[in-house]
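In order of appearance the chains are A, B and C, and numbering begins at 1 in each one.
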Amino acid sequence: MKYLIKKTSFTFLSLILALNIYSQSELSRITVQENNFVTEEGKTIIFRGLNTSDPDKLESQKHWNKAYFQEIKNWGGNLVRFPVHPTAWVKRGKENYLKLLDDGIKWAAELGMYVIIDWHSIGNLRTEMYQHDMYDTTKKQTFDFWRTIASKYGDNSTVAFYELFNEPTTFNNQLGTITWQQWKELNEEMITIIRANGGKGIPLVAGFNWAYDLTPVKENPVNATGIAYVSHPYPQKREKPWEEKWTDDWGFIKEKYPLILTEIGFCGPEDPGAHIPVISDESYGDSITSYCDHKEISYMVWVFDPQWAPRLFEDWNFTPSRHGKYFKKKLKSYKY
Amino acid sequence: MKYLIKKTSFTFLSLILALNIYSQSELSRITVQENNFVTEEGKTIIFRGLNTSDPDKLESQKHWNKAYFQEIKNWGGNLVRFPVHPTAWVKRGKENYLKLLDDGIKWAAELGMYVIIDWHSIGNLRTEMYQHDMYDTTKKQTFDFWRTIASKYGDNSTVAFYELFNEPTTFNNQLGTITWQQWKELNEEMITIIRANGGKGIPLVAGFNWAYDLTPVKENPVNATGIAYVSHPYPQKREKPWEEKWTDDWGFIKEKYPLILTEIGFCGPEDPGAHIPVISDESYGDSITSYCDHKEISYMVWVFDPQWAPRLFEDWNFTPSRHGKYFKKKLKSYKY
Amino acid sequence: MKYLIKKTSFTFLSLILALNIYSQSELSRITVQENNFVTEEGKTIIFRGLNTSDPDKLESQKHWNKAYFQEIKNWGGNLVRFPVHPTAWVKRGKENYLKLLDDGIKWAAELGMYVIIDWHSIGNLRTEMYQHDMYDTTKKQTFDFWRTIASKYGDNSTVAFYELFNEPTTFNNQLGTITWQQWKELNEEMITIIRANGGKGIPLVAGFNWAYDLTPVKENPVNATGIAYVSHPYPQKREKPWEEKWTDDWGFIKEKYPLILTEIGFCGPEDPGAHIPVISDESYGDSITSYCDHKEISYMVWVFDPQWAPRLFEDWNFTPSRHGKYFKKKLKSYKY
């Protein structure tokens, strides 16, 4: 059946995991209560925060450090999202990548911020076709990623959320087909795996159209309790006025389930990296933040990096961009 | 969402593709009209032509050049088929293999010949088991191949046909099982991917028994318009007299759909590489060509290479083999 | 269609296989008759024997030799099981690993012992998640393994059994989900592949809970004749008294089908590598062997290696462990 070497290493691994758990569990565990996120003390909490770029990219450029997290805190975030690109995960290797996550989770916890771990692929997990090679993964690898994350961080309350798959899309069938039923079942499989491996965080489920569209949830929700849904309502997904369309497309979710917009943001057409669907102006910022504040929807701004777009700052003095100025002011205005 | 480097490269790629398209679109686009192939001018066209060996093999031996295509033209072909072996695709690498195809398509177009790009695997795509390691591929790789071909050559009218999978077979279950329904759905997925990526050519669908048997199409055709079917009726697939059996097995298709026999051919038992099911004599040539001419079925002869079998020529002076003499004379006799 | 090099190598391979077959087929072919194993002479045969460690491990340590097999024979075995770990298969390479199997099968035959080839993975073949990286495989690789084994040893009567997948388990959903119906279909696919490739041995099918639980067979047996079932009833799978529970969980199978317990064994809590579920004492040995003898159930003891657990001997003089003393005496007591 088993043999000596194997049993020994298993036991040793369990010990390591146990030690990790108790040194890092400092924040109050977040759970789902009806359509809200609540702390262990029963307090409803609304999240606003920032997306980092890929930890692998930041570490390579010597910016994966406590100062970077301190700056996110200074801007007013209470949640930080780590977009783990599958190809970065493979390139750096599982063990080495987990060290980056260990550090980031520790710094976030020390500053009182929660973490979303986001499997940052874009495409069709059923056909295993993606928008770009950097998003390439397989069902097998995706399942293994969540098994690994759940075993490693399942008891760590800082890691409040597992975002199962960043942006599901068929790219108008360029990446082949997938039905909502098939996508729902893949999410259910990931949730089962996470929970069986001890993951106590909240799974986040996205819909098609690059994580914009949640309309199929109305008829056919994911069969799991204690989860939340995600949308990425960038400005050009819809024409102004946005509010009614947002309600129809994803806002209705908040009547029944907790909701986080894990990516919002804008830039002007002249800004570096400007591309559909992110081009807009401050009026978008006003609309989306009012909409969220009114309905108590959590949101995260993309992206705290000067080379990705829409960038929130322009240089490594963290000089805010136009986009950054808007959201720095807004995030700092909240009294939690 | 996306970041700078990616958007830039995407835009640059689009530009390259656009340039390619307009420099090479010279032949009239072929489409399906009822059970025929027609040009933009509405003229019905029947194809006869030759199979190259793998472009990777020809290039390695310094024979992938315009002279080779000129010789195919001299023999009377109006269509040329490129059998792309999955392992050659992987070995040479996508970018380098596409350069071979670029050249071949350009030479064909300059000589007024159309092209079939053929994903030259033999086996069971569902279980991913193949007759030989050289045919090894996966569903994921096959889908990606067609996405690549459609994006690159979708507007290029020379590339008239996409042959989705050369020879489907379970090898009498040695390669596991697959039902017609499962095979049909895999073809439908490939057709959807091709068209979503801009592929304007005609998808070619083959049946089991090494692309011989199309009988399931009668009850359960592939759910797509604008496609054609394929058979490979080598002489030993059936005993003489062939004609009624051919009609029952695949000829009936032509009553409703366009049909191309993308591989026919024969050699004597003493010829190099003689093997079941290709051993026969000129009487097979007479039967199959009469049958096709009578029903206006297109056909392609295997193979324009002196080392593969049944070979059409014996040396690089293009000295016709017995098989080659027969088909060179026949192809040159058509007045289009 | 095909080309010269390929046909030549195919024919040559067939020749090699044919030669192998006739030099090694010495033992009487075992088949299934109702719920028994029978020889060509119609004699019912009950198997008892030993598990080797992985042939790759033994060869690396210079113990894969005839003396090792002679010792198994001395201990009273009439059947020997080779646990082929997928990662060892990949690391050594198919051709080289087959040489190990060739030798082992030859030595077993010379000593009048039969062989089980066991694909030694532990986990969920549907999601392709495993208990440990050393068990990592894919459906594609597993199918190819059985195709290879069936083509190579299908006519070799020494290779009496093909154990399709050592220990199926979801590890309480840590490895994702799989239904009995899905597992049954995977087994049926493997059986089809084996038989289509000429495998004349008997496929062995295991159930969930690390090959312990066969209860779903009652309602929904594998759809194939001429097969047998497997259980691994280590002592701690159930509390004493065991007998009724064993009958409910897997013993009932023997009323209708042949059954082999391909792994049994125990060690004391102080023995090296002691781990759940193998810790027990001689009372387990008495219970399981009486149970099997009474019902004519075949069984195999784990494991004939001094470094894996529960070990049957302590050093390379083959000094029996406590566990080994028990089973050496028991096995030698049978009069076949």
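As a working rule, contacts are C-beta pairs under 8 Å (C-beta built on N, C-alpha and C of every residue); 3 or more make two chains touch, one makes a residue touch a chain.
Molecules present, by chain and UniProt name: A, B, C = Glycoside hydrolase family 5 protein.
All figures in this text were calculated on a predicted structure; none of them were measured in a lab.
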item: Interface residue overlap between copies chain A and chain C, same or different (over half shared); value: different
item: Superposition rotation for chain B onto chain C, Cα-based, multiple of 5°; value: 120
item: Distance from the mean Cα position of chain C to that of chain A, given in whole angstrom; value: 45
item: Shared interface positions of chain B, touching two or more other chains; value: none
item: Residue ranges of chain B touching chain C (in the complex, touch as defined); value: 53, 127-129, 132, 134, 138, 167, 170-177, 210, 232, 234, 263, 265, 272-273, 275, 277-278, 302-303, 305, 307-309
item: Complex interface listing, chain C residues touching chain B; value: 1-4, 6-7, 10, 139-140, 143-144, 147, 189, 192-193, 195-197
